[in-house]
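You will see two complexes here that share chain A, one where it goes with chain B and one where it goes with chain C.
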Partner chain A sequence: MGYVMDRAGFAEVIAALLKDYRIFAPVRKKGAGRFTDVDAVIYDEIRDAGEIELELKSDYAPKEFLTPLSETLLYFTEDEVKESDFDERPVLLFGRSCDLHSLRRLDQIYLNNGPARDPFYERRRKAVRCVLIGCGHSYDNCFCVSMGSNRCDDGYVFSVDLIDDRIHSNVLDGSFIKFFSEVPGAEEKDVLPRFVTENDVKVEIPEEVPREIVRSGLWDEYTSRCINCGRCNFVCPTCTCYTMQDVFYSDNGRAGERRRVGASCMVDGYTDVAGGGQYRRKNGERMRFKVLHKISDFKKRFGYQMCVGCGRCDDICPEYISFSNIINKVNAASREVQA
Partner chain B sequence: MANLDVNVGKLKKNAFRYSKVRGETASRIRIPGGVIDASSMSRVVEIAEKYGTGVINITNRQGIEIPGISLADMDKVNEEIQKIIDSLRINQTEKGKGYPSSGTRNVIACPGARLCPFGCYDTTAFAQKMENSIYPNDRHVKIAFTGCSNDCAKVRLADFGIIGMTEPQYDKDRCVACGACVNYCRRRSVGALELVNGKIVRDAAKCIGCGVCVVYCPTRAWTRSKEHYFRLVLLGRTGKKNPRLAEDFIKWADEESILKMVKNTYAYIEEYIDPDAVEHKEHIGYIVDRTGFEEFKKWLFDGVELGPKAEVNQRPYWGGRHYDRYGG
Partner chain C sequence: MMNGNPYLPFASEILDVIRHTGKEYTFRMAFDGEVRPGQFFEVSIPKFGEAPISVSGIGDGIVDLTIRKVGRVTNEVFERYKGQSLLLRGPYGNGFDIGLYRDGEVVVVAGGTGVSPVRGVIQALSEMPDARDKHVVVGFRSPDDMLFREDLKAWAEKLQLTLTVDGAPEGYAGNIGLVTKYIEGLPLKDPASARAIVVGPPPMMKFTIIELQKKGFQDCNITVSHERKMCCGLGKCGHCRVNDTYICLDGPVFNYEFARDFVD
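Right, the complex of A and B next:
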């Protein structure tokens, strides 16, 4: 069932949903960018439809709800431990097609990678229903078509497309129809979310990356070009690495908390081991690890590609390093090896 | 050629240079904030080719001088620069007569936040606003704007130096303790950040508001304050007697107060300038040396209400060599 309405009508839908749901969506934060008077689009809990950014690609990914950059998991004092509280209310999480595809990757790592399911991830994941933001056009650096994440036919409760100042929604989940059908002025219509069918950026990934690529000279330039800031990982909707902080409160060393914080395979410290060893010292080596993990190693284990082609890593890299370009370089080098 | 009978004082106030080449002058184009539109720049080129010698001097204060102009052509040049004056929105008393004064110098600005990743505010816009508020005036005042504590505009050589600041805002929930801010603050700035219990502690007294932490933070845990702040530094100067760098006066100052304080300075100068000063020109710093800083401060603060964050250095002391004293 589809509905078309003006912004005021959509605001009513959101207002009604907010009575039952917490809503997390991309929000354009004024002046929150790196540079003066530059905005950043970041996920946040919204209280009003007007806050939802439907036009720009978000700089940071929706994973920030499921795997917060910093989350206290438990508190401890002497011999007692208490898990952190969690707001159990259901959540609507807005995302584009690539973002919705990324959730399968997050689930894979946190829920279906070995015998244990991560309970802190699971309590968040169980609460989530997705809302699809349609893509009227491809954005800078997007290569979702090459990664097959440009469409999604299910996995969302309703979709939102802003076309000529009107909201077009395809309501997939029948239980959500009531939020739309009662909005005055909402027209019932056949609506299909918009999907991108072609990107300017295209990648080709070798079926199997030959072992020789590990020792290829193609990684060397990144040793000097990359500044190992980790932005590519922090914005990536499929990066799942984290590290733990056990914090002992400074005025009482017998009480404290355990935090989980985001980690990056590009940032110093990621491969530090006891005795002062470090497996990947050079930035070129870290780049190799990241790229091959995204386009080869993950697939070897789980049978599908990790990268969803959102291009956020390219959008944000302060050194203008292009991940999609590296994929194509790996592809060319692989062909050379195999020839 | 007719004999030359030129009022040199008027010529200088009209923003023409007294040249060492007899019979020649140079036309001085004001470019507040250091930004000139390309068509005005082509007019400069035309004038230089038509009336000058086909060369253009870029001045130390971001202005332009067109040298080699005959003193006889000054009126014609004044007509030709009218479009440039209009385009750069320079206050004028009479159209077609060129610049009404030259004492208050071109207001300088580094590229600032329009271009530079470290710029904490739109330096050009503030410089233009300042120009608009104080020009034309014959009093010798130098004002310079720089976007951040790097001070690329060398504002510490000016009477009023305005250094951009941002108050870093920390969202601990977005911080992953990657250490980038701590590292870059230490290496590129003053080392005001420390990692304590997995989160960052900022030493507010040490922090200079340069924004390096914001630039390098990969997660937007650090962002800029909504308000633009400024460090106001006072009375730097070059010159023969006692060259010295400007000293800190107000940290975390606001735009409105700075505009007002500079405006107030002109009244102070009128009151205390040496009536016998050579060419009626005396740097403010030397006047302040005479009246004492307390008196100057009284005039500066007239009607000024500083914001709650402003930290005032009530008694700045200036250094520099005193070449006018033995052993100085």
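Right, the complex of A and C next:
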């Protein structure tokens, strides 16, 4: 069922939903972009429809809710270990098509890699229903069409497209119809969320990356260009790595907690083992490790590509390193080897 | 409380502490579940962290953890005594398949704390009927760094043990030299069909395998055990991944024909 309404109508929908749901959505934050004079679109809990950024692509991904940068897992007291609490109220999580596709990748690792499901992820995941933000056009650096993540036919409860100052929503989940049908002035209409069918950026991924490429000099330029800041990992909707961290409280050394914090395979320390052991010292090697995970190793294990082509890693890189360029270089080099 | 939360450690009593060197102790822990040599536990000291530690021995209601004191977590483990407890989760990983080594010639090469994960395997080899066909080459940094001295004596009587140290003070009577030095001279009847296990620091594993290959071993008959940084043991944190392999889930024990393709 589709509905078209003005912004005031949509504000009513959101206000009604906020009674039952916590809503996490892209919001604009002043001066938090790649450079300090640039705004960033981050994820945050919203209290009002006006806060939701429907036009710009978000710099950060919906994993901000599902796998927060820092999450306390356990609390320790003198002789007790306690699991952290969680607000069990249902959550509406806004995202674009690539973002919704990214959730399958997060689920893959946190729920379906290895024999155990991650309960701290699962309780968040179970609370989440997705809201799709349609894409009226492609953004800088997007290559979702190449990755097949440009379109979502399911996996959301309703969609939102802002067209000529009016909100167009396709309500897929019948239980949400009541939030739309009662809004004064809402027109009932067939609505399909917009999606892009072409991006300026296109990539071609080799079926198999030959061993020669893994060991080739192609990666060397990133040893000097990349400054291993890790931002590409932190904005990536499909990066899932974390590091465990224990702390004790300074005012009461007997109590403390165990947290997990987001980790980046580009940043020093990711592979450190006792006695000074370290793998992938060079940034070029780290780039190889990251890129091949996204376009080859993940697929070997799980049968589909990890990268969803959102282009956020390119948007954020302070050194203007382009991931899609690297993919195409790997492809060209692979062809050369195979020829 | 979440159902079966795999991150929640359980308390296990320290039944005994065996001191090998000033920095390496074996903690004998109460444990009743199933476990095999080559698997590991996450040893947890609340407020300090967790450390993956291999099972170095298995017995009725016990597991041994042989720990080298190197940092934040392990320092704190050394502050615990018999009668107190440690928090554990696990066991994790695949472990060794001892059945593979029952028949025929076997060579185990281990260095330093690398002996821990294979201690149970060596124990089993020493009790096999044709123990004389089982060769064990063990290296430590110096005579003072030797672990499992009692075991070494017992093994020397049952199987073919070569014990060596990297360096020793003047007058030391035993072998001096890296483990790699002793592979060429192993009196094997048929290296092409013999099996090998190699565990130790990465350079030691690399050069030992080269020696085994020179001796005529086939890659598919070599087993290795790998260590990487591990924060979970559950296939989630990502730190241990190499290629499309998670060392904590698919390993840490691998057939070398597979592991030779690892690119870190």
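In this text, the second predicted complex is superposed on the first by the 334 of 339 C-alpha atoms of A that agree within 3 Å, B and C clash if a C-alpha of one lies under 4 Å from a C-alpha of the other, contacts with A are read in each partner's own complex, and residues count from 1 in each chain.
Note that a contact is a pair of C-beta atoms (placed from the backbone, for glycine too) under 8 Å apart; a residue touches a chain by one contact, two chains touch by 3 or more.
Predicted model, so just to flag it, every value in this text is computed and none were measured.
On the shared subunit chain A, the superposed partners chain B and chain C are arranged side by side without overlap.
Rounded to the nearest 10, the angle at the Cα centre of chain A between the centres of chain B and chain C is 110 degrees. Of the two partner chains, chain B is the only one that A:Ser70 touches; chain C does not reach it.
Touch criterion not met for A:Glu221: it reaches neither chain B nor chain C.
In the overlay built on the shared chain, the residue A:Val81 is in contact with chain C alone; chain B does not reach it.
In the superposed model, A:Arg280 makes contact with chain C only, not with chain B.
Once the two complexes are laid over each other on the shared chain, residue contacts for A:Ala263 go to chain B and to chain C alike. Put simply, more of the residues of chain A are touched by C, taking chain B and chain C as the two choices.
With both structures placed on the common chain, the touch criterion links A:Cys229 to chain B but leaves chain C unconnected. In the overlay built on the shared chain, the residue A:Asn113 is in contact with chain C alone; chain B does not reach it. Of the two partner chains, chain B and chain C are each touched by A:Gln245.
After superposing the two complexes on chain A, the closest approach between C-alpha atoms of chain B and chain C comes to 10 Å. Where the contact sets of chain A with chain B and with chain C meet, they give residues 243, 245, 247-248, 263. Residue ranges of chain A in contact with chain B, taken from their complex: 29-37, 40, 42, 60, 68-70, 229-231, 234, 243, 245, 247-250, 259, 261-264, 267-269.
On chain B, the positions that touch chain A within their shared complex are 113, 117, 119-122, 166, 172-180, 196-198, 211, 214-221, 223-224, 226, 228. Against chain A, the residues of chain C that register as touching in their complex are 1-9, 45-50, 68, 70-71, 74, 87, 201-202, 227-229, 231-232, 234-239, 241, 243-244, 246, 248-249, 261, 263-264. Contact residues of chain A toward chain C in the complex are 73-74, 76, 81, 83, 109-110, 113-114, 116, 118-120, 123, 211, 214-215, 240-248, 253, 255-258, 260, 263, 265, 270-275, 277, 279-280, 285, 289, 293, 297-298, 300-301.
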